[in-house]
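The two complexes that follow have chain A in common; it is paired with chain B in the first and with chain C in the second.
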Partner chain A sequence: MNLLDIRNLQVVFKTTTKPVHAVNGVSFHLDVGEILGVVGESGSGKSQMTFAMVGLHSKNAKVSGQALFEGVDLLELNEGELERIRATQIAMIFQNPMTALNPYLRISDQMAEILTFHQGMLKSQALMHCIHMLDVVQIPDAKNRLRMYPHEFSGGMRQRVLIAMALLCQPRILIADEPTTALDVTVQAQIVELLKNIRQEFGTAIILITHDLGLVAGMTDRIVVMYGGQVMESGTTESIFSSPEHPYTTALLDAVPRLDRDSDSLSVIAGDPLDVRDRWKGCPFEPRCEYHLPMCLQTRPPIETANGRIRACHVDRNLIGK
Partner chain B sequence: MAFYITRRILVAVPTILALIVFSFIIMYLAPGSPFAGERPLPEATLANIEALYGLNRPFYEQVFRYVWNIVVHFDFGPSLVYRDRSVSEIIAQGFPVTLTYGFLSFIVAVSVGVVLGVVAALRQNSWLDYLAVGVSIGAQVLPNFVMAPILVLTFTLWLGWLPGGGWQGGELPYLILPVIALSTSFMASIARITRSSMLEVLNADFIFTVRAKGLPKRRWVLRHALKPAMLPVISYLGPTFVGLITGSVVIDIYFSTGGIGQYFVNAAINRDYSLIMGITILTGTLTVVFNLLVDIAYAWIDPRIRY
Partner chain C sequence: MTPVLTVEKLSVEFDVATDGNWPWIPKRKLTAVRDVSFEVGSQETLGLVGESGSGKTTLIRAIAGTVPLSSGRILWEGEDLTHFDRRSRRQVRKDMAMIFQDPLAALNPRMTAGQIIAEPIRTHMPELSKAQIVTKVGEIMEKVGLLPNLANRYPHEFSGGQCQRIGIARALILNPKLVICDEPVAALDVSVRAQVVNLLKELQRELGMAMIFIAHDLSVIKHISTQIMVIYLGKVMELAPAKELLSHPIHPYTRALIASVPIPDPIEERARPRVILSGDLPSPLEIPKGCVFESRCPEARKECASIQPKPELYRTGHQVACPFQITETGIS
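Entry: the complex of A and B
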């Protein structure tokens, strides 16, 4: 059994005008201790998909499908059960560490409350545990740092605090939603190292949501490429990078700036990202795809599974990237 | 923090001194006299009385003597109109009355306002929210001098439930209408401020983090959202306090409570210099002290504020 099995997940937002289809039937799985990269442009539904899994979607969202965590469908759980799952099994860290901590409470209070509330620890016991976790994420002088307020930490240090906080109850899964986007490059590298160590040390599976392919290449085992709330392609990191089989993946890879190419301009994917307010009968990437066929407009590409790879495209796999 | 408080208290002293001097100058320049009756007093008598109160002395000497008596002897002098009573006596009699219902109004305005605002924010766009917002807007546009007659008409003349005036040593029935009349518009403002700041905080990133940590709603509202949502409310408490003081003048007169506001208005009409000065200084000092408390509360809530 997979640790996490997402089956045909759909998230639709009710709005005053037309419904917004943010996630349209996404399926993927996550193994124990695996690092899975979820890649895609802004608006491709990456974050909404994970929020919906743990019940953090906004009130006007309707979620359907299945999200099986160790065989239990998370979408069937009530609020209290989901709170327990979020606190102890599936933790999250976010994009902007500068605003993700409560500026009015000490780090100690924000960390310890998880343990005192969900594990019934005494405050003193919880604090010892917090100091240990701050050591794990390599915050120097953890004992004194614990008493400080968020504004006394730098951005990178705050992200470490948030990671420590997420790991307090030793979750099985850590969802990292663009954890390095707001940090500068040297700090990014440190956070990436830290996440890899955590997987090593605790066996935590990580879902890394990002649009940074460089980040994905360096640390993930497998990749899911998403566009328009659908999975375009997925497979092992190595296979996706060496032989992409979907036009969107090749376009993404071409857009990565490279030092060994002599070019003054950056290559971009033509056209605008999908407007999710429009429902697509066919492939959502069709308007921007250089390989597109007449049928791409009419029918949604079937999901093909071969050699451990999944892809959804009408175009023959041997034509792509040539 | 201790340094900051000491410094603020030291700054408050010249502020209050300036308040005393400026009030005195305005009084001095105002036409009229406490001894100008319908029939003018004989010139010799008037000169005698003015000599008695020192009003014939040069201006700077009067100011100096007045400030000296307050600072050194804590003596505001005799009332010029209530011949046998000193200003301190009048204040000691009237001020507790005003303070009693003023304090109650403050508590009511803040507690009801905050609860109403928080509930409205948590149930945004529900009928409860619309009701709270509607009531607040309605209450806010009713000033106390309109509120007071409406209350008396309804509860005294029409329903006959509550007395329409008097004090009786501050018995509960006599307190209710003054407190409602005085607190309503401030309660409404506080409710509106609380609602909007609560909504803003509830959408903040750090609240999402708390939810992702798996803490229940009651906990993130009370422990994480309430404190920051209170900051705009606290900065509004300064103006609220001043508003309650000026409002109490209307309430004192309308409900004949015997509070200080009644004396204040009479003193102004009769040019009772020393009484006007005494009350002005008292409320001025209270305002300064209260604003200091507000600033301290601010620093206590927001750790990023360091003075």
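Entry: the complex of A and C
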């Protein structure tokens, strides 16, 4: 059994004008101790998908489908049960480490609260655990740092504190939503190393949501590429990078500026990212796709599964990237 | 030919109040930019790289004249800008344009795209008639890849990439000699980022302006710059032609910076040696006595804590602020 199994997940937002379809039937799975990369541009539904999975979606969203965590459908649970799962089994870290911490409380209070509330620990015992966890995420002088307020930490340090908080209850899954976007490259490298070590040490499965293909290349085992709230392609990291089988993936890989290649101008994906307010019958990437066929406009591409790879495209796989 | 812009030993300091803003407590000095020198000619692009807090934005603000200098000189086509009166400053400002990071925030939400793009000509060339302005706006919109019939729409009706194109059109409408771009693609998606970078390059080829391009992403800078300057805590670490800096980085900081840019290829990325810098940027209020990079440098020696390295010539056009690395690599 997979640790997490998402089946045909849909998220629709009710708005005053017309419904917005943010996620349209996404399916994927996550194995124990695996790092899965979810790649997509803004508006691809990658964040909304994970929010819906753990019940953090906003009130006007309607979620359907299944999200099976060790066989239990997360979408059927009530708020109390979900809260327990979020605290102890599935933890999240967010993009902006500045806003995820309460500026009025010392780090010690914010961290210890999790353990006293969810595991019924005594405060003193909880603090010992927190110091240990701050050591794990390599915050020097953890004992004194614990008494500080969030503003006394730098951006990279705050992200470390958040990772430590997420790991306190030893979750099975860590969802990292753009964890390094707000950080500098040198600090990003530190955080990536840290996340890799955490997987080694605790066997935590990680879902890394990002738009940075470079980040995904170095640390994930498998990738899910999303566009317009749908999975375009998924497979092992090596296979996606070496032989992409979806026009969107090939275009995306070509458009990334690379430090190790000499080229005069970058290849470009024509057009703009799609507007989530629009509804389409066929493939969401059709207007920007260089391979597009007449049928792409009319029917949604079927999901093909072969050799552990999933792709949704009408175009023959042998034609792409040639 | 005289370069469009020459910056000599530029420093910018700010007074900061500490422990309450009491008049009897002396203010502390925050040095944001220290002894920066470089020049940019027409058709050239200077890429400026550094972490947040390294003084990139302060540097370009000083050049644009929105922050007073503490010392140093800025030469505009060979003439000292610091002694210009208001009228000649205004003349220079016409030739100096800026493009900003957040494309939507940089545009006035209550003006249409056409009005936004026309604003610079309305201020600097009031003699033009309405019809002339409209044709000029139409021309520039076509040049940056916007349909002229979008001129009556408001910024919120455009996507991020299109908003950035409006920003570029506004910057270029007066045919400036220098365009300063402050992280113009940081807020855009990967697929749109390539479009904007290519557009800027093409426009430069066509219009021949000089550019200063700030980004914290080396791989973007690489595609657009002729020269790259790496700054750390307000000081120049390395300045070299773009290709040379990336193929032969000398300064340990430049090397670490290059090594921390992830390569989008799983096999190469995993095979790469890791250079991970520990720690964060030191506080600019307590600048170290010796080399500013000493606290994080993997190659630091005892002497580094006491001497202040100045950028020295490594070979023509390539300056490095690290005497030890220069002697070690040898002049070839």
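Here, the second predicted complex is superposed on the first by the 313 of 322 C-alpha atoms of A that agree within 3 Å, B and C clash if a C-alpha of one lies under 4 Å from a C-alpha of the other, contacts with A are read in each partner's own complex, and residues count from 1 in each chain.
In the analysis below, a contact is a pair of C-beta atoms (placed from the backbone, for glycine too) under 8 Å apart; a residue touches a chain by one contact, two chains touch by 3 or more.
What you are looking at is a predicted structure, and each value in this text was computed from that prediction instead of being measured.
> Should chain B and chain C be called a clash or a fit once both complexes are overlaid on chain A?
fit
> In the superposed arrangement, which partner chain does A:T237 touch: chain B (first), chain C (second), both, or neither?
Touch partner of A:T237: chain C, not chain B.
> According to the stated criteria, A:I114 is in contact with first (chain B), second (chain C), both, or neither; which is it?
first
> Of the two partner chains, chain B (first) and chain C (second), which one does A:A164 touch, if any: first, second, both, or neither?
After superposing on A, A:A164 lies clear of both chain B and chain C.
> Look at A:I35 in the shared chain and tell me whether it touches chain B only, chain C only, both, or neither; answer first, second, both or neither.
neither
> Measure off the angle at the C-alpha centre of chain A toward the C-alpha centres of chain B and chain C in the combined model, and quote it in steps of 10°.
70
> A:V187 in the overlay: touching chain B, chain C, both, or neither? Say first, second, both or neither.
In the superposed model, A:V187 contacts chain C only, not chain B.
> Going by the contact rule set out at the top, does A:A255 touch chain B (first), chain C (second), both, or neither?
Second partner only.
> Determine, under the contact definition given at the top, whether A:L9 touches first (chain B), second (chain C), both, or neither.
neither
> Which holds for A:R84: it touches chain B only (first), chain C only (second), both, or neither?
first
> State whether chain B or chain C is in contact with more residues of chain A in the superposed arrangement.
More residues of chain A are touched by C.
> Once both structures are aligned on chain A, how many angstrom separate the closest C-alpha atoms of chain B and chain C?
Minimum over all C-alpha pairs: 5 Å.
> Can you pull the chain A residues that chain B and chain C both touch?
No residue of chain A touches both chain B and chain C.
> Which residues, counting only chain C, touch chain A once they are in their complex?
It is residues 51-52, 159-162, 189-195, 197-198, 201, 216-220, 222-223, 246, 256-270, 274, 276-278, 280-281 of chain C that touch chain A.
> Flag every residue of chain A that touches chain C in the complex, lowest number first.
Against chain C, the touching part of chain A is residues 41-42, 154-157, 184-190, 192-193, 211-218, 237-238, 241-242, 251-253, 255-260, 263, 265-269, 272-273, 275, 288.
> Once bound in the complex, which stretches of chain B touch chain A?
The contact residues of chain B facing chain A are 204-206, 208-216, 219, 223-224, 227-228, 301-304.
> What residues on chain A touch chain B, complex-wise?
54, 56, 79-80, 82-88, 91-92, 94, 96, 99-106, 113-114, 117-118, 149, 151, 162, 165
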